[in-house]
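Look at the two complexes coming up: chain A is in both, with chain B in one and chain C in the other.
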Partner chain A sequence: MPVSLKFLLDSIAWGSAIGLMSMGLTLTYLTTRVPNFAHATVGLVSSVIVVWLLDRFYLARGGVDPSFYVVSIVLSFIFVGLVSAAIYLGVLKPLADRGNDVINLMIATFAVDIILFSLLFAVLNVFPTHNLERALDAQVSGYEPRITIPGGYRVAASTIVFPVAAVVLALLFHIFLTKTKFGVAMRATIENPNLAETLGVNTKLVYLASWFISGGLAGIAGVAITMILSANPKYSALIIVSVFAGSIVGGLSGVYWGLLGGFLVGFSEKMVTKLASEITGLELTNYERMVSLILVIIVLLFAPQGLAGVDWGRLKARILGGGRGGD
Partner chain B sequence: MDGNMLVVDTLNAGYGKFHILFDVSFQVPKGKILVVVGPNGSGKSTTLKAIFGIATIYSGRILFEGKDITRLPPHDKAKIGMAYLPQTDNVFAELTIEENLRMAAYTLPREEAEERIKRVLEDFPMLKEKLNKKAKTLSGGQRQLLGMAMMLIRNPKFFMFDEPTAGLAPKAAKEIIDKILWLRDDLGKTIILVEQNARLALEIGDLALLLVSGRVKFFGRAAELLENRELGRLYLGLH
Partner chain C sequence: MEIKLWIFDTSWFISLLAFIAVAISLNLEAGYTGIPNFGKTVFVFVGAWAAAGIGVRIAGWLIQVIDPAFASEVLGRINAIYPGLQVDSLAKAAAMVDPFNTNKIVVPEITAYLQQHLGVAILLFIILIVVTGIIAAIFGVAASYAAVRLKEDYLAILLLAFSEAMVSVLFDQNMTLNGGNQGLWAITFTSDPLLFSLALTAAIAVLTFIYAELIGNSPMGRAMRAVRDDEIAASVFGRDVAKIRLKVIVIASIIAALAGFAYAQGNSYVKSANYTRVVWTFIPWAMIILGGMANNRGVLLGVIVFMVGKRIIEAYSGSIDALLGLEPGTISGVLPNIFTGILILLVLYLRPQGILPEQPSKTADFRKILEEVPPE
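On to the complex of A and B.
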């Protein structure tokens, strides 16, 4: 086997993190039509929360235990969600209300990205630590409990926790969108905001909520990325490429497609570069982003609407029909 | 003091920088139908959108039951008893019929919403069989009926219809017109109806507003406009 089970699990964890980010990016694109280039940096705000929890509470108590994952996920969802909602209310909504087009809004998200990046970097740099040597670049995974997997490998618990969390979050979000009044209103607003307004839906509130949820999901992905890599906002510049690639592969027309697209992009980045390295004997694992961008080109060429636009029923019939020898 | 449900006073409106309505004024008395007629592109739909707050209002005032609602957001207008059926895209195609109805009952408390949905389904039995189907599976006439059912759920006092019969077969169109007359005659509702069939509109309307290039050419009794040979010939293709 060219890749180990451990590598497979690591790739799934990475794919899940990118998937959660792409899901949020797709959501705010669908509601407010803003391509948010600050999305990855917003998500990495949770690196501060992770470091703070680890340094003040868990290391003082002797290490990371299962509650760490629950606490960091919940706190990050709420806090980063609020940061994201604040960015919408403070920057993007005022600009949109003044009639700025999508290009201006996109450039505004670049500005937000740079500001937030600098702030995060500064905060992590001066963060007063008690138990960690320093906050910036803190390797959180070193303090995580290990889980033994078949084959005798031991993986960090987050490798298992975050893919499970991504699936649970997708299910919860599905229940929210289909079973709650506000969730149905969100789908209605995505389809036809004017009609939703005339029926009494406060679409401004729906937009704000979508930014909160999008930021919250990115925050959870940010926890995963901090655990997998380290606490440093510099990763956002790399991640954002994969996140956009994931959303485009998904088709930017449905949040689940965003999750799936992001997962596929994140997963293939790891897998394809690893396989290519094994086969060629060259060190190609630094070319991850090339994989995501090649995926984008392939999707735009052959399925311009992304995965969401593919007629899966027809495709299946064609493949199965071909398998039977064609009829 | 007066019996007017809606008063529009020197309204100037449009979309962004596109000025479409110029100094439009009219009133709609309680329990009456005002029909808005005029050539294509004269601002009939924009009038409805401006009243509901979806178009941009530059100046002028809109009073609903004596209260100034010019700057009230659309979702709050829904709460005070106003309803609007857009000409196209007036149901959520990607939502099921049931979800569409639940959206229409958005402003109501849960129990009341359930009860109203049940009652509306009795008036529109066709929808009952398709509750779990997406609205995009409905025919044009069925969609208009769903749109109308959605308006009725909140039991509003005031209705605005934008060409509800456009593109419908005569039978389906008659069904819609009958529902509109039922709203006025049996339920005493106040209605603004934009209709491209001027004769039909003027026959069922109490009052008429003739818009030409965004300006009011005539406002008064519908019967009077129907008899006005000059306006009828110039702008409505009558006579």
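On to the complex of A and C.
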């Protein structure tokens, strides 16, 4: 086998983090029609929470235990969700109400990105640490418990935790959308906001909730990325390429497609560069983002609707060669 | 030559002029045509690359062809310094930083040679300007072709992804293109690179402004506004929306790359990590929003106001760190960016049309047209 099981698990973990980000991005795009260029930086707000939890509580107690994952995921979901909702309420909604078009709203998210990035950088830079040497660039994975996998490798627990978390979150979100009244209202608003409003749905609240959930999902992804890489907002500039690539591959038209697209992009970033390095003998693993870019270009050229727009039944018929495939 | 007016020095003036050209080219895209170019950085960087990674190679090759004796003398000296290397091509030696940094030896030699041979310098300059334009046009098409027919959101995302993947991944990781994360010394033509860069950026800024004013009031300018305001109406009236978008992106990319080329002349050292999306994408956007989209005079004003304000903040925010007892740069390093972000949001909220709003495009006087048309 050209890649080890450890590498496969790492790729799945990275894909899950990008998938959660793309899922949130697609959600706000569907409700408020704004591509949020600040999305990756919003997610990395949770790096401050991770560093704070690690430094003040877990390292003081002697190390990271399983409760760390639960606490950091829940806290990040709530806190980053609130940050995201505040961005919508404080910045985008007032601007949209003043009649700004989508280009102006995009540049507003760009502005939010720069402000948030600078603030995060400053906060991590001056963050007073008790147990860590420094908050900026803190290598969280070094303190994680290790799990032994078949083949004798030892992987950080987050490699297992976050893919599981992504699946659980997708299931919870599905239950929320289909079984709760508010979830149905959200789907109705996505389908047809005017009609939903006429039927008594509070669309403004739905928009706000979508920004909260989107930020929360990005926050959980941010925890994963902080653990995989380190605590530094500079990664947002790189992640944003993969996240948008994931949303475009998914088709920007369904939340689960966003999750799947993001997962595929994140997973293939790792896999394609690794396999290409193995085959050519060159060191290509640093060119991960080029894979995302190529995927985006291919999808936009040949299937601009993304995975969501592919006629799966027809494709299956064509591949199997039977029946009426092709018309 | 060093200019110094209060806190404004030569490199500030070079930046100001380069930003005028870049912001006006972005205005052609975003203001007139509605193309949300969030990948401006890569086009400015391409110009700098033409001066460095490509420029040193072309210069090395050209000199080796014209003056083989000089080339072999320089190569002999390099091979004496690095006995393990044994390089026989000046072009190759000019762009190498790893494992032997021959770039920093060859470029001063070439610069000295160009100062003594004016003809070669002029020939090289013309070649590099043309090459800059060609590469910028290719990058412009590559960065947008897949999305020019789609909604503007897709175009924005593709341009951003292209720029980030190119500048901060491909050019940063690949050692051959432009010295990777180490960067390269660029070709300079005169003994006073700052003055040369100032003159070149000034020329490009003035020409760009005149060009943008002319195109804005031409039939092409009206077609661009039509594409921005209503794609469907524009295509109903026979305008090829995708073609107009591509054309504008190519033109604007060439202008931005020429500005990047001229800017790199003064900066001399070109490293992709120094071309961040904050500086070359976000700040030009801030300038055109502040000044007024689709109004070239407004953009000019926006650039000047922004650059003066930014310089003042940079000059006086240094004392904040000391005041708070922090290391230099902790707060002052991020303060200009925070101010820029807040400025954009405030302008979008309070005056979305900018300081000088868009004017109706100038057409010929209708009465004059009536006089020229013979009565039935």
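Simple rule for what comes next: the second predicted complex is superposed on the first by the 321 of 327 C-alpha atoms of A that agree within 3 Å, B and C clash if a C-alpha of one lies under 4 Å from a C-alpha of the other, contacts with A are read in each partner's own complex, and residues count from 1 in each chain.
The rule we apply is simple: contacts are C-beta pairs under 8 Å (C-beta built on N, C-alpha and C of every residue); 3 or more make two chains touch, one makes a residue touch a chain.
Note that the structure is predicted; figures quoted are calculated from it, not measured.
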| item | value |
| --- | --- |
| Contacts of A:Gly99 with chain B and chain C, given as first, second, both or neither | both |
| Contacts of A:Ala108 with chain B and chain C, given as first, second, both or neither | second |
| Which superposed partner A:Ser292 touches (first chain B, second chain C, both, neither) | second |
| Touching partner for A:Val126 - first (chain B), second (chain C), both, neither | second |
| Contacts of A:Leu195 with chain B and chain C, given as first, second, both or neither | first |
| Partner with the higher number of touched chain A residues, chain C or chain B | C |
| Touched partner set for A:Phe37, first chain B, second chain C, both or neither | second |
| Chain A positions touched by chain B in one structure and by chain C in the second | 99 |
| Contact set on chain A toward chain C in their complex | 29, 35, 37, 91, 94-95, 98-100, 102-104, 106-108, 110-115, 117-119, 121-122, 125-126, 237-238, 240-241, 244-245, 247-248, 252, 286-290, 292-293, 296-297, 300-301, 304 |
| Of chain B, residues touching chain A in the complex | 16, 52-54, 73-75, 77-79, 83-84, 86, 89-95, 99, 102-104, 106-107, 150, 154 |
| Touch list for chain C against partner chain A, complex | 30, 34, 36, 38, 146-147, 150, 152-154, 156-158, 160-162, 164-165, 168-170, 173, 277-278, 282, 285-286, 289, 326, 330-331, 334-335, 337-338, 340-342, 344-345, 348-349, 352 |
| Touching residues (chain side chain A, partner chain B) in the complex | 99, 181, 184-185, 187-188, 191-192, 194-204 |
